[in-house]
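Next, two complexes with chain A in common: one pairs it with chain B, the other with chain C.
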Partner chain A sequence: MRRLTSMSLTAKVKLILLAAAIVAGVALPYVLSPFLVSVVSLALVFGLFAMSIDLLAGFAGLVSVGHAGILATAAYGVGYVATHGGGYVAQILAGLGVGLVASIVFALMAMRTSRVYFLLITLAQGMIVWGLSIRLYSITGAENGLRDILRPSAVSAYWKYYYLCLAVLFVCGGLMWVIVRSPFGYGLRGLRDSEERVRMLGYNTTLHKFYAFVLSGFFASISGVLFVYQNEYISPAAAEFLVSGTGVLMVVLGGVGTLVGPVIGAFIITLIENELSAYVERWPTVLGAVFIITILFAPNGLVGGLSRLWRRWTGPRGRGEPETATAEEAAETEPAGRSAPSHQISTGGGK
Partner chain B sequence: MDDHALRVEDVSVRFGGILAVDAVSMTVRKGDRWAVIGPNGAGKTTLFRAISGEVYPTRGSIRLHGADVTRAPPYRRARRGLGRTYQVTNLFPDLTVEENVLIAANGCGRTRFRCWWPVRMTGELGQRVDGALGQVGLSQRRRHHVQELSHGEQRQVELALALAGRPRILLLDEPAAGLAASERATMRQLIEDLPRDLTIVLIEHDMQLALDLVEQVVCLDNGKTIAAGTPDQIRANEQVQMVYLRSD
Partner chain C sequence: MSVDFFLTQTLNGLSFGGLLFLLASGFTLVFGLMRIVNLAHGAFYLVGGYIGFTTLLVTGNFWLAALVGAVAVAVLGTFVERVLLRPIRGQDMPEVLLTIGVAFVLGDLSLAIWGGDPVQLPIPGYLSGGVDLGVVSYPRFRIFVAVLGVAVGVALWFLQHRTRVGAIVRAGVDDREMIAALGVNIRLVFTGVFLFGAFLAGLSGVIGGTFLSLVPGADIEILLFALVVVILGGLGSLPGAAIGSALVGLIDSFARALVPELSFFTLFAPMAIVLVLRPHGLLGRR
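Moving on to the complex of A and B:
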């Protein structure tokens, strides 16, 4: 209790929002139709997928546009074992295993790159998986995909599967929350802001990127396993660039580097895709408009924008308190700027 | 046992047709304080970049505490006790002062790959952060975002980042760059107060500041060493004066 009273206002608000999210999450199947609950389950799966992208993009500054390749690899792992008579444990382990192997291979390919080169390599990785999923008919079923991948009986009902997705999202979200606040996570943040600097501080940035990619890929693999059971079907469409691109857009829409934001972004996009499309033929136009408005008015995404507003409201300026001069302000009033270094050499006096 | 903290032998750095550093040598003993001076474009920062591993020398060798690090990446040199600050403030802008220093303290620590528990400001990591912030006088500002700080304070955070890794050799690239007179005095005092067993090599445009802080000076021009010696010898050196008069 004493701990609760000593918390900051922001921490209290976060705790209240988390509690509200849990209550809403638990209550949802009681108030929504089965179809909508299934749509929300899919949003939770994509929420986890988007969070895995955010772990790399938001905290290490590495935007992957090939993560659908990892999701699809894990999904195919489950599907392959399921269609060959394997049990559920074997299916899940196979899904996570091949997803992890794909992540390690992808990480080895991408870890020496950054910025646009990283983006291009991950794009190629996603395309490779998509290409293989079409070519390897004996494993993937090519365009026909793999069908009848049934959920475990314990979660076969739509609402049970929803609760499973919710629980997995909470657990994985919690793990990612810990990772980004760990010493490793702070190293990633440093890497995002200045790779040159962290290298000079003792970080082997290549190795840091490798671990970050593998961790991110592992969470993408989990979302792949949930994805295939959600649809009970997997096809090359899951590995398409569109899925990776949508994942990145979910992150941008919700807020890069926020973890919660990508889940909100996933909800918005999944709901627009699945609900609005039933009423509006040109729903992609609506989606595009939402993106443009978000980028224009909340370039840090919805959560990033709201956080900024909250900080402004609760920070020194919001309370009308004066702030210290920032570096930019100081530079403007600088009497001896960098452009005029003092080159005088004194001939008199010594130490 | 090598008594030298840093030994730069005949180091040259070439970028295409430009020889930025031309056969520079310097031997810095443990605890010594050196300055590298020279007009703009003399090759001072390139020499620093070669020492810290951001560029590899085209020729020559670099040894830190007796170990040859000529081809070693920057992080290996940092773990061997080399710290540096940058000419242009190079911080992590979205984070607080404390988090900035934490990243620096973590870099050479054993916990940098630990990902299964949130950071706690206790133990050795906390001590390093507290120590570095205390050394630069920013303990009271630890919870502020670095963007909220004045330029002078940001330069102090820059110094704290270099100190948090507990370096044995510190390269300071224009630590007083762009500072107002009062901030410059603060920075000067901070550098003077650094432990005497810490080897320091600094680049500084403010000659008075540089020569007051060090015992040995190397003057570069067009990548070459044109003079080396004590501050008094450098002050009296006609070639150095010519170089500075020319640049003015």
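Moving on to the complex of A and C:
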């Protein structure tokens, strides 16, 4: 109780919002229809996927537009073992294993670059996975995909699977929250703000980026495993550029470098796509328009923009607490560096 | 490997390389000057090809179709540069992300307008048919594409190194502020280069539409090839784009013939090798 009273207003609000999210998350299957619960499960899966992108984009300043390649690799790993009669443990280990291997190979290729170079390389990597998925018939089933990848019986009911997704998202989200507040995480921010300076301080920036990529890829692999069991089906559509791009859009829409924002972005995009798809005729056009509008008019995203408003509203009081101030500064305000990651930054021509 | 197989695949590779150079040179010029990575470049290609296709249906003239496709995309590119990219000029990440949004919209709108069935443009009469090369007969048009690629490359080199406009663009690459201070309207130069890059993309759409199908998804697929070209050759380097185009064209044509299941994947190995040795490409500079 004493700890609670000593907390800043901002921290209290955050705690209340977190508690509300947990209560809402647990209560959801009792309130919504089975169809909607499945849609929310998918939103949770994409929330984890978007968070994994944000771990790289928001903290290390490395925007990957090929993460769907990692998600799909893990999903195909599960699917391949499942269609060849492997057990659930083998399926999941295979999925996470090939996802991790893909992440390591991708990381080795991309780790010496940054900014747009990094983005281009990851885009090509993601597209190559897509190319394999439509051509390598013997493993991926090409356009037909792999079917009947059944969930483990313990979570086969839609609401049980929903709770599993929720739990995994909370655990992985918690892990990422710890990672970005660890010395390693602050090292990543250093990379984002000025790689030169971090290198001068004696850090091996290449190795740092390698670890960050592999960690992010591992979380993306987990989302891939959840994804394939959610649909019980995997096809090349999962590896498309559209999926990677949508993941980045979720991050940008929610707020780069906030971790929570990407989950909110994933909810908005997934709910609109699945709930309004009957009314929304041209979905990719809508996505593209949202992308353009967000970047031009809301570069901080929803969470970034709202927390700015909140800080302005609470005034100096919110800033007075050093603890929250550092956490928030790091997460939500503009880093001053030239080479910072996102559209939060107004400089950085990158010459 | 027999001689005719080898010859045919080499020519296939070089003509595909010619097309890739048309596409990648615009991409790399825009990056070199403006530091904008235009991921809508593949969509520009597709839209150009489709507009050319429709023009050809109406007028029956291939060269008019090529011109209309290229000019229409140049106008589209000018809109993207002036209206959408200008407010965020100089911020490289928002710029590239915005072009992803543009790529989504253009890809989807061309699906809405031209439908999902693959279309191909007919080749003008005097360029159709084959050329007898002794061991094998090879399509005349494919040879034309390879020659066109080389011709455009030479023209671009001449433009860059022997004309005033080229000097301004090269100076802009090296020091934007300085060239602006000397009284050059650098904004106009930016728009001009972006327009020119879009023009080349639209043109390559019409050319590519004759031997590669125009179909939803072809925009992203051709973008991948252009990306691998510039990753290998070095972003912003015209000679790099030429080397990269030839490499990617040859690798892809032999891979398609020898290991069709892995044909995309074969781009992966050269990319990995180059990235390990030279992260910024063969001729790229930081």
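The rule is short, and it goes like this: the second predicted complex is superposed on the first by the 299 of 351 C-alpha atoms of A that agree within 3 Å, B and C clash if a C-alpha of one lies under 4 Å from a C-alpha of the other, contacts with A are read in each partner's own complex, and residues count from 1 in each chain.
The rule is simple: a contact is a pair of C-beta atoms (placed from the backbone, for glycine too) under 8 Å apart; a residue touches a chain by one contact, two chains touch by 3 or more.
Only a predicted model underlies this, so the values are computations on that prediction, with no experimental measurement involved.
> May I ask you to decide whether A:L201 touches chain B, chain C, both, or neither, giving the answer as first, second, both or neither?
So A:L201 only meets chain B here.
> Using the superposition on chain A described above, determine whether A:N144 touches chain B (first), chain C (second), both, or neither.
A:N144 contacts neither chain B nor chain C.
> Between chain B and chain C, whom does A:L123 touch in the aligned arrangement: first, second, both, or neither?
After superposing on A, A:L123 lies in contact with chain C but is clear of chain B.
> For A:F291, using the defined touch cut-off, is the partner it touches chain B, chain C, both, or neither? Pick first, second, both or neither.
Once the two structures are laid over each other on A, A:F291 reaches chain C alone.
> Applying the touch criterion given at the start, work out whether A:R189 contacts chain B, chain C, both or neither, answering first, second, both or neither.
A:R189 sits against chain B, while chain C stays out of touch.
> Determine where on chain A the residues touched by chain B overlap those touched by chain C, and list them.
Overlap of chain B and chain C footprints on chain A: residues 341-343, 345-347, 350-351.
> For the complex, which residues does chain A have touching chain C?
It comes out as residues 63, 65, 105, 108-110, 112-113, 115-117, 119-121, 123-125, 127-128, 130-132, 135-138, 240-242, 245, 248-249, 252, 282-285, 287-292, 295-296, 299, 341-343, 345-351.
> Quick check on the complex: what are the chain C residues that touch chain A?
Residue positions touching the partner: 31, 35, 37, 39, 84, 87-88, 90-94, 96-98, 100-109, 112, 176, 220-221, 224, 227-228, 230-231, 235, 260-265, 267-268, 271-272, 275-276, 279-280.
> Enumerate the contact residues on chain A facing chain B in the complex.
178-179, 181-187, 189-190, 193-194, 196-205, 207-208, 211, 215, 323-327, 330-331, 334-338, 341-347, 350-351
> Report the residues of chain B in contact with chain A in the complex, numbered from low to high.
39-40, 52, 54, 73-75, 78-79, 83-84, 86, 89-95, 99, 102-104, 106-109, 111-119, 125, 147-154, 161, 164-165, 177-181, 184, 205-208, 211-212, 231-232, 235-236, 240-241, 244, 247-248
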